[in-house]
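Labels run A, B, C and D following the written order; every chain starts at residue 1.
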Amino acid sequence: MIITLKYFGLIADLVNTHEEQLELSVDNCTSQELCDTLQSKYPGLVNTNFAIAVNQLIIQSVTPISNNDIIALLPPFAGG
Amino acid sequence: MIITLKYFGLIADLVNTHEEQLELSVDNCTSQELCDTLQSKYPGLVNTNFAIAVNQLIIQSVTPISNNDIIALLPPFAGG
Amino acid sequence: METEKKIKKTFVQGAISPEFIGTSIAKHQSKTAIGAHNIFLGQVRADVIEGKKVVAIKYSAYEEMAELKFYEIREAAFAKYEVTCLHIYHSIGTVKTGEICLFVFVSAPKRKVVYEALHFLVEEIKASVPIFGKEILEDDSYTWKTNS
Amino acid sequence: METEKKIKKTFVQGAISPEFIGTSIAKHQSKTAIGAHNIFLGQVRADVIEGKKVVAIKYSAYEEMAELKFYEIREAAFAKYEVTCLHIYHSIGTVKTGEICLFVFVSAPKRKVVYEALHFLVEEIKASVPIFGKEILEDDSYTWKTNS
């Protein structure tokens, strides 16, 4: 499957990009598995606090990820 | 003694003036006695709700009135 | 922290214009310790009273006592809340429906205190300042407004 | 009661000017059912971080998600509170210290509800809209701001 990853703020600094496509050799996975994959790829994410949005909805627990999903890694908000 | 009376809003309508001097044949009196005097003079005040300020302070209970005091009859406030 | 406590006249003749409010906001841009502003505006409503529409309110006041009260309320707010500055303007004279008659402006480094201070100020102004409002109706008759 | 629920863009490029706020207030003078307005303004503070002064915040956002969140927050406020209208504007891009980055504007016939609705809106915006702030320091280094 192919998913789109979006990175913002501090997270974009850590991974050094704002967006990328990721091709995974599985048909689906969980948000937890995706996180593990990303933390292997970007060690800077390991001790960093971020929320995950799947298709613009923030997930509160482990969530299935499917082909074409858009996953955003969101550092703490600073609006206002 | 001589006192100054100030009337505002609805009260000024009822007594048909904004200010007057009142000469009383006593050297001092209470706010209650003054109210009785004013209600005799202006029957419209009898069933009307107002606060009394003596020298710009609203009185909460019966208060002595002396020569040269400024007494204001204040209908309900409508600021804002 | 910079504070502003000088006694200022609160009453302004007639309506408070949106431009005046904009200018007042602009004046705070040099105060860079401020992080939050909270503004309350009172606007004259076209209420219908016994079938007749309100077209304006003519405000009068026991002015000396009202300015004293405004001063006391301002001082009480500065004592109670850590605000950088606060401003109160109230109309005297005629304000038409849709126009602004009260402008209360509170500023502080952080937002929590501005909500509380603004609420305090507006409620105190309504409850304790001797201001009177003659609601002018469309047929030129009038009634006396009272705060609820 | 007249309500305004159309989806509007919330983000504005750069600082929100005091003139824009004044104009926004002026537009409400034709809405004569309104008796009370409450406005919150966020202003960029010149905080000192590790000895260096903040000179600006550069705001970025997950814009599609943020506009959706703003829409949801607006709808929630209309459902919860009897307000006549409400408006939210937030800066994107660079806002210098002393300039305004957030403008929330609530109007209703009576005042009680405007305090509550404004407080709800501001807290929701701070907590749930994916906006990020890069605090630019005087030596051109930066830190990432987080809401408290």
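One rule holds in what follows: contacts are C-beta pairs under 8 Å (C-beta built on N, C-alpha and C of every residue); 3 or more make two chains touch, one makes a residue touch a chain.
Quick caveat: nothing in here was measured; it's all calculated off a predicted structure.
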Distance-maximising chain from chain C - centres being C-alpha averages:
A
So, what's the distance in Å between the C-alpha centres of chain D and chain A?
27
So, what's the distance in Å between the C-alpha centres of chain D and chain B?
49
Mark out which residues of chain A touch at least two other chains, giving numbers and ranges.
80
Any chance you could list the residues of chain D touching two or more other chains?
42, 111, 122
Can you name every pair of chains that touch?
A-D, B-C, C-D
For the complex, which residues does chain D have touching chain A?
42, 57, 59-62, 64-65, 68, 90, 101-102, 122, 125-134, 144-147
Over in the complex, which chain B residues touch chain C? Could you list them?
6, 8-10, 13, 53, 56, 72, 74-80
Using the touch definition up top, name the residues of chain C that touch chain D in the complex.
18-19, 21-23, 25-26, 28-46, 97-100, 107, 109, 111, 114-115, 118-119, 122
